[in-house]
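Heads up, the thing below is written out as structure tokens.
In order of appearance the chains are A, B, C and D, and numbering begins at 1 in each one.
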Amino acid sequence: MKCDIKDIHIADKGRLRIQWAAQDMPVLNLLKGRYGAYKPLKDINIAACMHVTTETANLVETLKIAGANVVLCASNPLSTQDDVAASIVRDMEIPVYAIRGENSDIYYRHIFDALESEPHITMDDGADLLTTLHKDFDLSKVLGGTEETTTGVIRLRAMEEEDALKYPVIAVNDADTKHLFDNRYGTGQSTIDGIIRATNRLLAGSIFVVCGYGWCGKGIAMRAKGLGARVIITEIDPIKALEAVMDGFEVMTIREASRIGDFFCTVTGNINVIDMGEFSNMKNGAMVANSGHFNVELNLEALEKMTKFKRVIRDNNVEYTLKTGIKINILGEGRLINLASAEGHPSAVMDMSFANQVMAAIYLVNNHHTLMKKVYRMPIELDKEIAKLKLDAMEIDIDELTEEQEHYLNNWEHGT
Amino acid sequence: MKCDIKDIHIADKGRLRIQWAAQDMPVLNLLKGRYGAYKPLKDINIAACMHVTTETANLVETLKIAGANVVLCASNPLSTQDDVAASIVRDMEIPVYAIRGENSDIYYRHIFDALESEPHITMDDGADLLTTLHKDFDLSKVLGGTEETTTGVIRLRAMEEEDALKYPVIAVNDADTKHLFDNRYGTGQSTIDGIIRATNRLLAGSIFVVCGYGWCGKGIAMRAKGLGARVIITEIDPIKALEAVMDGFEVMTIREASRIGDFFCTVTGNINVIDMGEFSNMKNGAMVANSGHFNVELNLEALEKMTKFKRVIRDNNVEYTLKTGIKINILGEGRLINLASAEGHPSAVMDMSFANQVMAAIYLVNNHHTLMKKVYRMPIELDKEIAKLKLDAMEIDIDELTEEQEHYLNNWEHGT
Amino acid sequence: MKCDIKDIHIADKGRLRIQWAAQDMPVLNLLKGRYGAYKPLKDINIAACMHVTTETANLVETLKIAGANVVLCASNPLSTQDDVAASIVRDMEIPVYAIRGENSDIYYRHIFDALESEPHITMDDGADLLTTLHKDFDLSKVLGGTEETTTGVIRLRAMEEEDALKYPVIAVNDADTKHLFDNRYGTGQSTIDGIIRATNRLLAGSIFVVCGYGWCGKGIAMRAKGLGARVIITEIDPIKALEAVMDGFEVMTIREASRIGDFFCTVTGNINVIDMGEFSNMKNGAMVANSGHFNVELNLEALEKMTKFKRVIRDNNVEYTLKTGIKINILGEGRLINLASAEGHPSAVMDMSFANQVMAAIYLVNNHHTLMKKVYRMPIELDKEIAKLKLDAMEIDIDELTEEQEHYLNNWEHGT
Amino acid sequence: MKCDIKDIHIADKGRLRIQWAAQDMPVLNLLKGRYGAYKPLKDINIAACMHVTTETANLVETLKIAGANVVLCASNPLSTQDDVAASIVRDMEIPVYAIRGENSDIYYRHIFDALESEPHITMDDGADLLTTLHKDFDLSKVLGGTEETTTGVIRLRAMEEEDALKYPVIAVNDADTKHLFDNRYGTGQSTIDGIIRATNRLLAGSIFVVCGYGWCGKGIAMRAKGLGARVIITEIDPIKALEAVMDGFEVMTIREASRIGDFFCTVTGNINVIDMGEFSNMKNGAMVANSGHFNVELNLEALEKMTKFKRVIRDNNVEYTLKTGIKINILGEGRLINLASAEGHPSAVMDMSFANQVMAAIYLVNNHHTLMKKVYRMPIELDKEIAKLKLDAMEIDIDELTEEQEHYLNNWEHGT
């Protein structure tokens, strides 16, 4: 089988960890049973460009069980778990192109490798696969695609706007069971986890600056506060900024915040959010991470120019000594800190995100002929079904509308 | 001047309280200045059916300053602040039809009184004015309406669905600067305030059941938790239920929760959420309130049938002794507890909600000819402007996109 | 019966409210049953100088049921609930000397009135009764006293230091079941309650300055944060200040904090904590309250001198317009805001505090001959018994040591 | 130099990590400067039995700079960081006896090795060094000792009770700047860190059972809640149990909690807190850790007997498949999870704990002739000084008493 991974011999450890993840992915397990029976993805080629983690392993296994031919490549050069890649290849017999720490050239070569499979469906985590496919490949066989992230959806909507999008895409990210959970609780916990592993610093009593108060930013802020930090938010959207104020956080410009923060974490989807001016302001010992999709949120080039000396002081932690003598620590090379320095989102949230991926793929197969070259929301009924399956797995019962209530809600004439 | 209020002689106290509210409504104050200059609502008749509170007084004053002829009637029989009604009549010379504690007949007579003004624009808080107008009045002069609440918007969408809606309505409730703030922070604090005033019970260590996890329910749950209660959520929507679980709350059916709660608060927009079965389960001393728009959320008729004796044990607190001997306390007669037993939302959130009302009215005047008989969202630019004005008033600076960033966000080709 | 209260005719309302309180005081109810049987306080005269609230009514009733002859006077001129005073006199036949709003002369005359009863035991809330007794009365019959507050205990320890204390006193305040609960959860909730009733301002997004981070200050800070405020702490003790930092709060000097706070609440037990320099710094609209025992924490004399005009803008809220034009609002005249503008601590915490009072009185009767003229801690066994009774009333089971565990804890030889 | 470590060649990594820790230990750095000048520990032999971590490296370096001859051995077989041990030996020239994963025999042999140095002062973390010294060595040269942990202090007080303690010991643990910070914020964060590293499970929405609500338990509960878990507390002390209730947690017996928990963490200082009965109750996939000093809190022997199969499923995570088919995961072999699976307390809290150690050692040298064979509290002035130094390092200013205030506090005659 074609593939490009680091070392097939570490598959055992990967397999155990994949099993561990599976134990906290009840919805995906249920779908394995359901779709294994009637193979709704039979003969469908799927190219998936995702973080190669234990949860993704369970996703691609589910897709295969549902009948698909799957290939997998990395959606980030630093996020691949090599033991997991090995087990996917060896134990699931699914081709993988991903090596942790691969450079940008190899990263894109791997995307090309994956696209050689002539996919009917693309699965993206940041839209690199889709955009590469749009630039350099024949699109005639493609039925549709899915996109996992806020960042990817922003790119796709820009493409749609310019009529550059050539097939329908389901914005899995916009499913409630994805972005309300994965982006908030998943990113929240795992980002903090990555920062703590890279620093072992106490958050209690520290000043923690979160750039961006979208769902991810809300999650990180909530967790930093939950660990005792004094949290500062920076934003460009006045509504989100005001929400942060009302949530009890301080809000100020990043320029102002850069003078006082101990920790910084960007999660904006934008470029150069922490730039030369901010680095110049920072206190000695400031720790800077990014949890946005791309590592462009920190202007590391600018930082390099300001630096006279740098060294790796801990795993995933590079100390830059500036010409001024001030030391700044960049965590995980500015890449997604939860994947670079921790293990990505916990399985429990990826369970729902990936149940959306599976259902979205089947939905595309069944409905592609009625869909336009647009970005679509995940159908709300599927979204709610996933939530219900998750609650069932947790043995949590909720209320159902009585007939009387259903009638009441549909009747506008009752008043005070 | 025609009006129907309790007592004009208590206007002095009302005026002071209206001034007090004005001090925390900087956006509305700014609009008074802006629109006082060029009178965009000149010769427009506005009939407003709102809670007659100190903040509403500032709203109707702003509308009048902007040129409108305003009349005001109550949107709830129990929420009128009589001293405020008196001051609106005496000091602002605006007709008011509202008496705290009016019965249902007088309530609707007051709505009729307000509609005699032949409004061009209706402002609603629960849609009673609009629905009455639709049933019994000539609609030919009406340009459009606005609606303040979730409950009202649900009614209006049901009307739109059935083609029963006869003019365009701006769903002020759906503006981010309204529902993200007023429904969450406003309802959160003021509901708890109402419950504490009616009971003086300690929340720390108590079990507090919130029925409904929409924005209002989220606000109440957040505050009950913030005061040390163990919070239980009941829901019918699996996505919201799951969100509650992830937020650290217990989720169960209301039937189950009714066995263990010390406090209950409904905020669902639905009927008979706490019904005979729930009342039967309750512990001795259980305290039950409603913070949803209508008092139908509690089935008080059913409770009456189960009761052998009742008495007012404190202001806004009626003790029902059931035939079983169990005592249950109903707070504020099951009406909106934050208005019945406290003073409604704090001025700071109403500031934004009512800035939306003013801007929505002007928007209707300027754009009614292009609008259809539908429910419209508040235009996002106005929504953001209000947030920006509020931040300015709080002296909080936020970031602006650089050119480079603006360009980056609009460009889908950059990748990893 | 001798007494001095406002109006005996309002006793009905007081009686209902006392019953309401009783329903959430299960430990005291249990002691009524236990001690009613064998009257351990038979023929003991008790003079109690306490806030005359519904909970205190239940305390004095319990003491009477246990056999004591009780008289009650107010421990604060502004905290008396007149309807409760009336019901204590009429329904319990206990003399009360307390009128809400009494001036300082009458306040001390009432203390003298109470001391005419020739008490064997004094019960204090701030030590005014004991210190008056020490100055002007014969002490020969006194067996001992109890003290409810931090402030009172500080005064008593100062007396003990100078050998000025003439009989043993049980520092009820220092019982864990008192200060860990009443001072933290009770003061926390009721102080915020008082501030909200006096202002109806939104706490979310506001800046709330708490002066003092003792148990009361911790409680207030926790609740202000729980309601969404950004909380700033001022302290003189470096350990407490550091604790506040680690709890995620900002810590700065009161001088610095006075520039930015929206709300201020002192709870230090000290004098002139907010003084002329702080008032000069404040923002327009700043709201200032005290929740410490005495109203000396705010230097209102200094404020008066800076003021050109003042008016009552709401109940318990006086607006001072300074000569600079800045407006500052003083809540509840600077007196204990939870009693001045709300109803004092909820019954659930007073239940434990007052169970300590009852047990302390009985302990003094039984053990006074072995006690010295000192301040004593509440015996730990009684303290734990109260906690256990409370848990039982809440139907909460806890673990008990196994024999093996008991043995393990007493054996120092086991190691790694 | 005599020593027993794993590998001297990994010292480079250890040195970097020690430097990293030093950057967040400003108080210890300041003491290095202060005591380096006049060597108050000159010619004093100190045997320290501590977790061999980067922070401890900074402690022993400070002691050496202050003049002492130091030897170091491990206080837990699983907590040694081998690279740090190597750097202490190579770069500080301090003998170390510690190898991660050493068995019990070697663990005690290392303690004997350390005691060969004939210490004047012992430093303990759990009292293993002191108790071994008491059993098998000549005590004539010993001036005194220090103890870092709650567990150790309990053992020492049991010895004092039995007159078995043969020299004075300063209970560093009981210093406010130690237990209020290290036990709460340090244990809180690092325990959660250890559990997340061993599981990568989502805490949000999970049920997290904390056994014990002392300072450590409070810290863990606070952080688990801060990460979105529903937290259940088990206790044997009714006062602490009630505190947990009032803090909004559920309290129940461990037997009851064992049926519903997803995570369990013991921190009681007691034996067999989770025993056969509890393991039998657990849900499939339950994760069990200990953060108390000794690994006796979990009855792993009992668990072994119930098990038919076990395997290492992840680092520091052993999956036990019971005969019933249920799987239970034991994290970090039941040893201190924050050291076994994470890196121990963050430097910022150890900074204060170890400043106490240094000051306590000097205090013993200066005052040993006046001390008895007892357990002493850390002198409060030193305690406060450490807090002040820490605040200074964080650039946080606090208030100082005015003369007027000082006078007020010392005067008991002022009243209402």
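The rule we apply is simple: contacts are C-beta pairs under 8 Å (C-beta built on N, C-alpha and C of every residue); 3 or more make two chains touch, one makes a residue touch a chain.
Computed from a prediction, not measured in an experiment: that's the story for all the values here.
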Exercise. What chain is the most remote from subunit A, judged by the mean position of CA atoms in each chain?
Worked result: C
For this session: Please work out which of B-C and A-B is bridged by more C-beta pairs in contact, and write that pair.
Result: A-B
Exercise. What whole-Å value do you get for the distance between subunit B and subunit D if each is reduced to the mean of its CA atoms?
Worked result: 52
For this session: Could you tell me the distance, in whole angstrom, between the mean C-alpha positions of subunit A and subunit B?
Result: 37
Exercise. When you check subunit B against every other chain, which residues touch at least two of them?
Worked result: 185, 204-205, 225, 228, 242, 245-246, 394
Exercise. What does subunit B use to touch subunit C in their complex?
Worked result: 16-17, 19-21, 23-24, 185-186, 188-189, 193, 196-197, 200-205, 222-223, 225-228, 285, 311-314, 317, 327, 342-343, 345-349, 394
For this session: Spell out the residues on subunit C that touch subunit A in their complex, using ranges where they run on.
Result: 204-205, 225, 228-230, 242, 245-250
For this session: Going by the contact rule at the top, pick out the subunit A residues touching subunit B in the complex.
Result: 75-77, 104, 107, 126-128, 131-132, 154-156, 158-159, 162, 164, 176-177, 180-181, 184-185, 234-239, 241-243, 245-246, 251-254, 256, 269-273, 294, 296, 383-384, 387-388, 390-391, 394, 396-402, 404-405, 408-416
